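Each chain gets a letter, A, B, C and D, in the order it is written, and its residues are counted from 1.
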């Protein structure tokens, strides 16, 4: 499953609000609902129209934003960020939003995605004397904006955005303006809502439900939205926009109660499960899913196949960062931590185990072993996405091809490696149909690069190398 | 649902191990798997045959047992405890195991349950000069043992146990002995397993799976098991044993992967859901369950009724103790925290919402409102247990009758109060059959006091009063 | 110097107040001024006439009593304690005041001193069924009081006190009474003051100055003072009182701004320095003192001898508990931490170094070496007390005779061992005269046991043994 | 006294080492000995020749550099910093050393002093697109170096230094070089020493004694020292150097065991006290000093005048950051915290109280009141420096003239305001003679600006304004 990538993944979540007296509080609740997109760090910047004030740290939303610290976060506008991983170099500095002060005004930036030409731009800017404080690609945008000279801030932002390649959803805030920008391929989800007279923007619609805001529409690929005292204003800063939404958002990342492009994520996952049951029928006694991300697909599989859905695996909710990992010896003696099989459910049964994806294969192997040790007669692994054969350069850091088992082994070889009795992947077509898209790939509006190797943007070899060494 | 009782409930979990070089580590993992039974505090005591060493604190297992602190917990035997609530007076002192040192040896105690004559015994002991350090009823046993004079420790324990009334599962450890005792009604689950040559005892069998131990059998009502260098030895210290296992363990408390009296909890809950669908068929579009405890019953209901199961409610995993609660104003504006409805699933649908129980009714009302605001056309509340009309004095602190809505209102009045389109409770017979018991109440081996008012032990009026004021 | 004993020493400080609306706050400031008497732990108990509420922890006054925690400490009476060391078994439990609740009322105890028959009494009480929660000798008093049966609390306290042997200053608080007791030898300082209508009691008078209270008088040996709603009342519970005040209070323990038995401590120390200069004149260029405790004596020596006083040694104020100690290698390379010589002052000079005492000799040797390395031509060590040849059983835990260098070596042998050019001790007579006492030992009113071996109370061999093993 | 300025003062301490395997450890001990120069924050950067690694935080040396964190600080070179105050904007970002990474190498900077044209340079650099991450003036140097284009790092540093005005002692470290620079007026102390083959540089010589290094010489005004694999190399980057050492370093800042320009600080202070006694003889009974900075001068005064030196004021060592300040009411009731008078010493006496300086006068008034309340018959305040009538722009942030009482009131008016019986300031000549300098001001080599208003560098009006508003 994709959770194997913890530590490599740069998927993040952003939230912004303009025009509400409780801006910081609502950002807190919004970020909290996006916590699944990033647990490594979080921050927010609030504007009281006179100045920007930041608060950030390494940890969970509820840890960093203490009641005491929040008291000082007053103002009618705010942007916030939850950060997935320590990629790009860990540490406090890289926690977003980044906040840049100067004697002529301040600028705060929150970013979800990954730029593929960040290192090139950085080299160029450093050659001109710029000093970077973070190893985050996000900082590049700030320097490009500052170099823009005497034109208006909005014009400088537009010019700067045209120099970026890759996937990005940006929130940009000054003392008196909130700007929202999405890359020309619209690779990351970003939607806008209203809460009374205030505007709210978030990576996922679940954040709107949590703060009681009403969904308006998704931000468009290549769109720049500006919100200030004069109201809201939209313009397309790129004419060559061509939607290529990350498909893994449906498969794994997003919360089941979010809608992406109008499609409910739980419903999409359930449909993937149904498609799987139709594509490859399996004889078995029970269907079970790997919690939490694969439960919806498992339910769909069960419903379609008529095989009863059971809770065959339990996730322990209390595994935190301070958890003491079992030693190798203890692990061999059978000590389990995060996931436990339910012996009473799987013993003597032929089990269909639904998971969202296979990356390295090690987790799948561990779960199969676990189920067999708990008495499962057969374990059939069913994956609700196609094999991931290509690295992602847009924020889901599947880093190098070497780590992707599906780029090296055939499905049958993977099956053998993970010890399953059978292994089934969902077809690309089945996956697209499950989310209501046209299965003709070039018209589906989805990014399928990790499955097909066809990247929606240019990829720079120098970046790859630098990416690899970090 | 029973989680409403947080803060009142004394349900706890205990774990013990004898004869393993990694005793403390395994106790850590065992307690971790019992964390759902108590999140307020935890502790363990380890014996290296020469002395007992304790470690405890207020917080989660992973917070209190840091790697550094665990380094000093060496020895081949250990007992541990997770504590649910601050009942009995909060604070560090009341966190168990309680450890008593004297110049002639040490004694550690861990207790799951509630004594109904603790205050009476305490008054009597204080009158004789005893000083109590905690407000926990557990300490009474220590004083009774110490007053036992010159007989052997085992004889003193047996004499002391006969003076206790109520529900208890006790682990008692000295430098060179581990004793395991269950009350004559066997009201709390307690099982024993083997891990190589070592013995393991735990409140729930899920702890055995986590540490890789093999289930042997349940501890019997009125049994005292002694484990020491001479091996394991069992005897019945009470002849009048009469099993009355807490039925709420099946309905709510235990983890789905545990087996109680040989019955898997997930399977029992699913059967309750099926029984409900048979007892009262409802026309609806989707079935959903309140996470996490009611998911199994909801799946059972869906399977039996043929109505599809959907994820209609999402639980936010990151609501911790430091979480800032929304102000009244923000709550009225629609800020939600712990539970979110999945609009894409419930909008325009007739929803069957399965929950485990109704205590005060406030939580049910909140969830019904939430679902309706998210667009549900109808909300039918289906409860996988009978109405709770009587207080529990055995550890599930439903305290006073006044708090129990079902003791004051009829089902129809409750339905109106929570705003549901219909409200269905499972019958006592249906519940017993779902867990494979004889529905004739006096032969079912279950405690049904909270449903029927028939208590398996004497209840002391003075205790009730004292209970109420604390 | 006596600071070498850190970790062994049980010297503590106590503070109590009755009848002031800011009782807890004032106790905070009072304990803060007594912080030099104990840095390991601190606690206070406050009474609002209805119940006692405690707050304690391991750490400094300013760490344990946070603003937030203090908010709940409301009431008009309080007692507090600062604890020196982890002797008697470390840990939270042993931090005082000890607080004992029962169904008929509460009792809080704070103790400065050491009982010499605690283990005997403990064995006896445990034989009768008592359970001790701490390894502190203080708890013995609580059990003795509780065993007192049906008489009044004051009568039970008086009876209990007569069973204790050793050195003690006790504060005993119930919901509606504060009792103050000093042992029949008055071995520990304890004074009483008025602050408006309120009464204040403290180990040292410096605490009165800090809270603005006016000194009334010292508590008498064998006196029991009771303060309650009826006012203050004194009685002698022991007729055989015979003052034997610890002389090391003048030499080392107390703060220079405190008065003991009407004598200012700084003035007493300065007089000791003068006596030394008179007893053994030395030819030298500068006089310096080991900070902080020996500065006063050094100034006295300089004033008497006419040799200029200089700051030859600097103490680093920022050495806290988390300080990383230099490795052996680094120490050999000359890394210094707590104390630095002032090269500019001692280079090429004949230095008289004044210290308060020699216990093991290792610290003296280190300082002499340091001064010589910094260029001192000669180092003459001058000690403002006689050789410590006998262990103390009254709270200054010089534990076993083996640790006391003066019990094994002659002054000349010690001089050689510490590498000094000369070594001078103050005579017993000189010391007594410096504090204004009659040098005839049996009439001086001072305890001189560590110098002379004549103990003012019985000493129990069994206790000594037990003392040694702990 | 100057400690009144806490919160305004930017005085700091720096330490660097090149060529020692325990570089980080020794920096730890060195910074620890400089802790008196700054308690707000501390940091260090270590080089292992391949990359720079930083560690910093807000707090004391012993708090920030934990044993665990230090494990990763490996390398043979390091620079460190202790920071006095939150001036220049508080927060983690401003804690030094500042560390700048780029794709072509890293740069670390530690700075003691204050630039008087920082804001001008910043405006200019921001106009060219630079982004500043801190509000510290130190960052300006980094940007100037980076803008230097293709020349060598040393040439770029030299060019950059010539653009700076004000007081500075800089440590500049790259992966393979350590540079040490002092401003052309040499306003801040900075010395160099050897430790075996390693070089050590520090703000004060006390740091050399602590790590066992041997003093070589002071860094010269306008000197740039470069230490790398080729050894040590010195050059003068400014020809117009003209020493103007901050005189307050002798009076207040430095540790008594440090030598500045070859003069021991304790000795200098004692000489100031003697001068005072000669300039204005006073009839009195005791001399006392305000701890810690005025003790040396008080001893000098006593020695010269023949009036005995006594410990009339005690400083409480345990007042930390978490300390709860007494409320106004409690303060009026006489609660004292940091400083206590010694009643036994001052009661009924004519007291000469020696302090280092008077800034706002409020502290002096408080101490005089305190002594009188403790019974002093007369209090004669004697100040071991001349009246401070002019703001300092070089790091001792006496900010605006309005705060300086001596710029508004005559000595007699100040005397009346602080309630003293007499008030004496040391003359400028007396102060210079006490430190062995030529009293002809333009040849003394000292900065006397705060006393005389003659600033050794240009001062920019725009800076003053900006300074004032921050």
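The definition used in the following text is that a contact is a pair of C-beta atoms (placed from the backbone, for glycine too) under 8 Å apart; a residue touches a chain by one contact, two chains touch by 3 or more.
These numbers were taken from a predicted model, which means no experiment stands behind them.
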Inset, instruction - Report the inter-chain centroid distance for chain B and chain C in whole angstrom, where each centroid is the mean of the CA atoms. - result: 49
Inset, instruction - Would you mind pulling out the distance in Å between where the CA atoms of chain A average out and where those of chain C do? - result: 61
Legend entry - chain C-chain D separation of Cα centroids, rounded to whole Å: 37
Inset, instruction - Please set out, as single numbers or ranges, the residues of chain D touching at least two other chains. - result: none
Inset, instruction - Considering only which chains touch which, label the overall pattern as line, ring, star, complete or other. - result: ring
Inset, instruction - Let me know each pair of chains that touch one another. - result: A-B, A-D, B-C, C-D
Inset, instruction - Using the touch rule from the top, collect the residues of chain D that touch chain C in their complex. - result: 22, 25-26, 28-29, 32-33, 35-36, 39, 60-63, 65-67, 70, 195, 206, 209-212, 255-257, 259, 263-267, 270, 292, 295-296, 299, 303, 308-311, 314, 316-320, 322-324, 326-327, 329-330, 333-337, 340-345, 374
Legend entry - Complex contacts: residues of chain D adjacent to chain A: 92, 100-104, 119, 122-123, 126, 128-133, 135, 142-143, 146-147
